[in-house]
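As written, the chains take the letters A, B, C and D, and residue 1 is the first residue of each chain.
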Amino acid sequence: MAISLRKARTIIRKALDKGREMDLKPLSVVVLDAGGHVQAFEREDGAAPGRFAIAHGKAYGAVMLGMAGTAQMNRAEDQAYFMAAVNGVYGGQVIPVPGGVLLRDKKGAVIGAVGVTGDTSDNDAVAALNGIEAAGLTGEI
Amino acid sequence: MAISLRKARTIIRKALDKGREMDLKPLSVVVLDAGGHVQAFEREDGAAPGRFAIAHGKAYGAVMLGMAGTAQMNRAEDQAYFMAAVNGVYGGQVIPVPGGVLLRDKKGAVIGAVGVTGDTSDNDAVAALNGIEAAGLTGEI
Amino acid sequence: MAISLRKARTIIRKALDKGREMDLKPLSVVVLDAGGHVQAFEREDGAAPGRFAIAHGKAYGAVMLGMAGTAQMNRAEDQAYFMAAVNGVYGGQVIPVPGGVLLRDKKGAVIGAVGVTGDTSDNDAVAALNGIEAAGLTGEI
Amino acid sequence: MAISLRKARTIIRKALDKGREMDLKPLSVVVLDAGGHVQAFEREDGAAPGRFAIAHGKAYGAVMLGMAGTAQMNRAEDQAYFMAAVNGVYGGQVIPVPGGVLLRDKKGAVIGAVGVTGDTSDNDAVAALNGIEAAGLTGEI
């Protein structure tokens, strides 16, 4: 099961909608496939220019490690040098905080990840989940 | 004048529509702002996983050099070592071929660029222009 | 359809067997998944130490671009600066010659790639195909 | 004394067998030679796509420093900036935790390393040792 562009669009739109509903700061949302490659991305007007890299880093680490943002953050809190080393082998492309949400199919296989950035990490994760559920998928924050 | 997310979406959708109308291979389209930063991106189902980097490279070179893809290609044909050196200073992020289209406002100032990849470079540029014109902007291929 | 470890092992063993049968130099064989990530690799005794990177580079470019080694080589012959630029955006990880063989499923979707190195590029591709066919898959050289 | 491909295969198979016996998460196992170069690698079905880099990082640091994963971890706990600096000179390719197991010959010379990842670092090391012992070698965890 792959993430179609149609589903990726739904995830992004509904994550952004949630941001507007909650009156969050401008959000940026990326959807990566099961190989960690970019399927779709949008940055809201007013967001800082560098937000693609942050959204990407949250989702990329989730796919590559098979570990969602919260689990990555816990590992970074416990063993900072380990997550620093992980970033080394992944070319510095991992942002280990909530807002990186794993997408799993019904059998539990990882089919991609969503990365949201712009507000607090916890609010970013809420917006991501809203988009993921609207697309009929299950997210692990 | 900035590229709003609304306009970026129009550019992408209409570029993809053109690809379907012309029966091109699956396309990937990125829109960068005036600073060369990603505003929006979509990759059609069936496109190769690495297409974000190619689309980005086409548009990034255009913004950073203020030179569209065709002009970059001509320079590469004439003086390959120059474009290789340009890639050195830009971290290897430039793909100097058509499909990287500069966006200019009415006074001629660069406000961003569009990068399209998936079919031949010339067809990629045609698809990009279709999206740009649908958004009421002017493209330089 | 994913490449299982069982199939990857078959590909590698039968590619190496073909090399022994043809009396080729020691071979190295990598199998990448549809996202360009390493599934399995073996380097024969007597092969040079750096062969992983060559095998990987042949297969990685094939997956990321959706273009097999022969097509990449033709593009490099026609437009050397383009393949050089592609290598820039992919972090210098692409070796554009035969021996990078695309794996497609019955519908034509890319499900991974095999990279073989050690002998001539053409012989490398023959060994790769032998492994791929033994695993019941179709290769594009 | 080098690690033959035959021995590398035994190490990997028996490490994976141990993982199944202990009901660990899907494992990935790499064998590096005395120069830190990849000899063989396998990633079990269901493992995250980025596991090659983690397995490699565990084994690579072990060979390059002549120091097994546990010793590296202790050094990182005591002096995090030292291991960070080590990663600088080795291009960010070192993961300093258990699961990186040094291989020594009977005279104590380092002949390579095994890297295992997928479960807890301690379980990864147990699986590695099982493979190493099955191949008639001695591992230092």
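Some points to look at:
Here, a residue touches a chain if its C-beta (ideal position, glycine included) is under 8 Å from a C-beta of that chain, and two chains touch if they have at least 3 such contacts.
According to UniProt, the chain labels map to these proteins: A, B, C, D = Glcg protein.
What you are looking at is a predicted structure, and each value in this text was computed from that prediction instead of being measured.
Remark: subunit A (Glcg protein) and subunit D (Glcg protein) have CA centroids separated by 30 Å (rounded to whole angstrom).
The distance from the centre of subunit C (Glcg protein) to the centre of subunit D (Glcg protein), with each centre set as the mean of the Cα atoms, comes to 25 Å. Multi-chain contact residues, meaning those touching two or more other chains, occur in subunit B (Glcg protein) at positions 49-50.
Taken as a graph of touching chains, this assembly has some other topology, since it is neither a line, a ring, a star nor fully connected.
A list of each chain pair in contact follows: A-B, A-C, A-D, B-C, C-D. By the touch criterion given at the top, residues 2, 4-5, 8-9, 33, 35, 37-45, 49-50, 52 of subunit D (Glcg protein) touch subunit C (Glcg protein) in their complex.
Only residues 34-36, 63-67, 79-82, 84-92, 109-110 of subunit A (Glcg protein) touch subunit D (Glcg protein) when the two sit together in their complex. Remark: subunit A (Glcg protein) residues 33-37, 91 touch subunit C (Glcg protein) in the complex. Partner subunit A (Glcg protein) is touched in their complex by these residues of subunit D (Glcg protein): 46-50, 53-54, 56-57, 76-77, 80, 83-84, 87, 91-97.
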